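Chain lettering (A, B and C) follows the sequence in which the chains are written, and residue indices restart at 1 in each chain.
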């Protein structure tokens, strides 16, 4: 029985980067094959080639034993390959039916959309595979887990038997992950073969039949869960011993710096994203806010930093009421903010590094005298910060767009740390960074905490939260489900809270 | 909606690593690169416009009708037509170099200035035309720097001219040192308010400034009609065009040279204002904020900068600058305001600002060029019979080529690279 | 998903509601106070429903409108609505704005006609005529923007089409060929815009502006160079209306003047309205277009050619804009004048926004703009009754546009990818 597909010697180059380097990969019939690797290892690129979104520079693809030319997603779909992307490819204002039929629309009288028959077919497939999907619902109203099911439905509707899942668990609660795994096993039992792309070791060990590890665009090895361990896999992924925890001294906690009472913040669709949230952060501690993305964390941070209007409740920083203060006023209270999306929100990429380093202090002495901007002082301070934080840049006048991700994040850190701060709010500070930069950022956070700063860390990465936080607050649907001590917390305990189940409540089946 | 001016950025490769951006070049190379696009854009635009000149001339078309019989004749006719047109353009814009050299010699020898005045008249007229262009170009460029598209410069010019005329003829007995600056200031204020309204609407409600400033243009034109046919109308017979009273001599911008040379102090004021705009944008905290809002609105917000305040400030300053263009014409050239006094300075300045890369030095250079172009086109119309609207056609292509440098690069086989600024849109939502 | 999140700097939603309510209340007060001034109690306005021809068939009675009661009822309506909005708030503020504008315009009309008679049918007919180019422009905008390409060159396309259609119609002696020329010019300019925006990913507003400048310049240039010389190319001619072809139709009361006296281009516009509305929401083309406009990458991954969809839509939009431009000459005035479009292309964009990017919404808004425009024209006749200088009346359509824009922004949602060039990786 030939493998479902076989990638032979796939190579793909981008300017300055060799994304895939002579990769060999096979998928057997009815298997769940995990593709494991760090951010940037080349996993998504490889699968995009299989799905026809990219073309390989070298190499062959064989599907069911015969060579295939996949130049577009249409070719891939015709060969029975379907892909669920990390960022969903669903049109938000459309219904589930419209999203599923997009591209393969059924028509009646040859001209008009036949939504009814498509909806009927969707219900049939849903029954057949045990996939819960409502054809009439509008996608923008659905939960993330439900949207993912719609993506899977899209693929099944097109008679695919090869399913590629790209980081499917990034946005799911532990309970939703279990549901997804159930669906995957169901699909496999009915003849679908699955590629599961992830960087999460534990999940991969749980679900996969075989695991292929990619690092720096090359295949490091292929193994089975039974033949390997978490540590081995980690080493294969990173190439060296990975420090999975951060060294830190016990916290020396001081007075309350940030006090949030019954906070209410609305999102862009006027829904309450933060719905009666109360929290306290003290000087000298790191409070980690755990939770699956999309439970109001973004709105919480925006409400705290004055970027989004607060519709109810109160925020006090060092005793001052900052609930409705402007962003500038809040920054002047001694708050530092490392934003979620450094390129979009934290930096002006077209500015020189020096300008970004004074982006929120340019109006203060010594950089300004009244209205006049003093370039000399700006440049001098920039030189000093670049040296102090080891920012790799040709010069302080170089454009920030030329820096690597890690160095761009360092610019933000340097900027925020260059003034006296009492509270640091860090949102996903290590997103998309390599391990070296990640360690650097973690060290700086702990350093600030040891200096007596209060640190509010918001991150969907449970490992990061658990290794850094002194206390962990779990956020679910805009509220805090519970606050536990960092040392005592376990993933299971946190997972339940992240799914909205308070300790002591009956476990209600989904 | 806004426009953010960015240097061309290579798309991300999806992997965090050293970026693919080439290292920063030396400034000389960058300047050359930055100049080549606008220069080639203008050149290409002139070539294309030549085509329109030819295609609309029956004589030329007839000659091409017999192309197969006598290709030489067709080409000769075409060449003569284009050469006549562009020669007239050059002579009208700059003047006759031989005559100018001769006049200098005569002056040095005999001290006679008549020849000088005659020979340098075209050049001086170009500078006169350039003056409002500098102001208006700065206005639109300032807007771009904040990510705003001020199409309302033309209306703001009218408002500035109306205000200047009113203040100019109403106040009598004031010394020049007070009256002239007061008039200028009043005009600037009028323009600031006129543009400030769409700015306010954009800041508070997100209403698109392109539509609103355009609407304000039409309101301004109608307002001007009303005032010039009514309250501000000059007494006595006025001929066909509604025109206002003349302003007091104490509100004049003085001329430097004897008639007929019209070059006036407004030119120097414009240059000084250009320097001022440069200092404002790059040497003050307010300017820093404004540029940041234009470069990355979200990052500006996150850094504590008030987007609302900067939108309003940028539009108000932009309006003030445009209004000064109108005031300059009233105070320095016409000494009154007449209906239709502006041949489209406000609309032209859009192309101008783009060509100048939205920075003050570039704008001044582009303004000098556009002044020469418009001045020369008047002669081109008189001598070669080419309608002055050819200037609009040239501009449209200049805008195209400057906003999509890839076309010029493709035509002339240039290499890509930093130095010139492309522009990106932000849609209706602001 | 992130494409939906667009935090808007500005007033919190509650303050905007207060501001709008206060504004509408002021409008209501204005209506109550100003429109009852100089109005004697019992004064009536006669709104005529007849034209000289329809009267031959049947004489429709005039509508007698008691001015003061109507003014008061309408101002009361506006005040009540603004109060409700202040306290509870309407969700569909577009409709609220529409109702308020209409109440204002109707009471204004009734007030200016007090003590005299006034042809209602005339103004309704004129409204439809004046609304037509705006409707066509708005439809053009809808087509382009639904696939996420901003088109502010509608003004230029209309001007170019107006010019071309007249010249060709005169040169060939065929009105139909003139129409085709108009459509072709619209399509060509749109193709230019499409190539600039899609292939070269130029800023779409800049590209549109350049086309407007080009079209204005070229039409003026050719007008002077060609039309002034060969005046026979600018002879007035228009498409005959149905009632010109079949005079009996023109005599039908109300429907006659309203529909059958109109140029066939008006009918074409109404037909296009229906076609585009159905096509956009019921056909495969419409689904794909909207997908490309909301989430082009999603459309790409299911095999839809984003670029081709956009090209097709923009060029079709150009054809419709061309029809709008042809209306100015072959459908209305008959000959070309400089700047005859006079900003209608931009008003069409406002109508599109006001109508929430749907054809039916665009129709409703263009009718209101058309009505305001027609009112302004009729008022010149009644200039004695109204002490407002002529020039200020001319400003009316532009001011209405600005208010409309302000009032609905934030409540209507453009296609999510509007204005963003698409980049395949």
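Throughout what follows, a residue touches a chain if its C-beta (ideal position, glycine included) is under 8 Å from a C-beta of that chain, and two chains touch if they have at least 3 such contacts.
Note that the structure is a prediction, hence the values are computed from the model and not measured.
Set against the Cα centre of chain B, the chain with the most distant centre is A.
Among the pairs A-C and B-C, the greater number of C-beta contacts is found at B-C. Chain centres here are Cα averages; for chain A and chain B they lie 48 Å apart.
Separating the centre of chain A from that of chain C, both taken as means of CA atoms, is a distance of 45 Å.
Taking the mean of the C-alpha atoms as each chain's centre, chain B and chain C sit 31 Å apart. Of all residues in chain C, those that touch two or more other chains are 6, 425.
For chain A, residues that reach two or more other chains under the stated contact definition are 307.
Contact of a single residue of chain B with at least two other chains is seen at positions 14, 301. Residues 1, 3-7, 12-13, 282-284, 287-288, 290-291, 294-295, 297-304, 416, 425 of chain C are the ones that touch chain A when the two sit in their complex. On the chain A side of its complex with chain C, the touching residues are 51, 53-54, 72-74, 77, 83, 85, 87-94, 98-99, 101-105, 107, 111-113, 140, 154, 267-270, 302, 307-309. Of all the residues in chain A, the ones that touch chain B in their complex are 14-17, 19, 39-40, 42, 44-45, 305, 307, 326-328, 330-332, 337, 339, 344-351, 355, 359-360, 362-363, 368, 371-373, 375, 394-395, 397-399, 401-406, 432-434, 437. Considering their complex, residues 6-7, 9-10, 13-21, 23-24, 282-289, 292, 295-296, 298-306 of chain B touch chain A. Taken together, the chain C residues at the contact with chain B in this complex read 6, 8-11, 16, 150, 152, 196, 200-207, 209-211, 213-214, 216-218, 220-222, 224-226, 342-343, 346, 349-350, 353, 389-392, 394-395, 398-399, 401-402, 405-406, 409-410, 414, 418-421, 423, 425.
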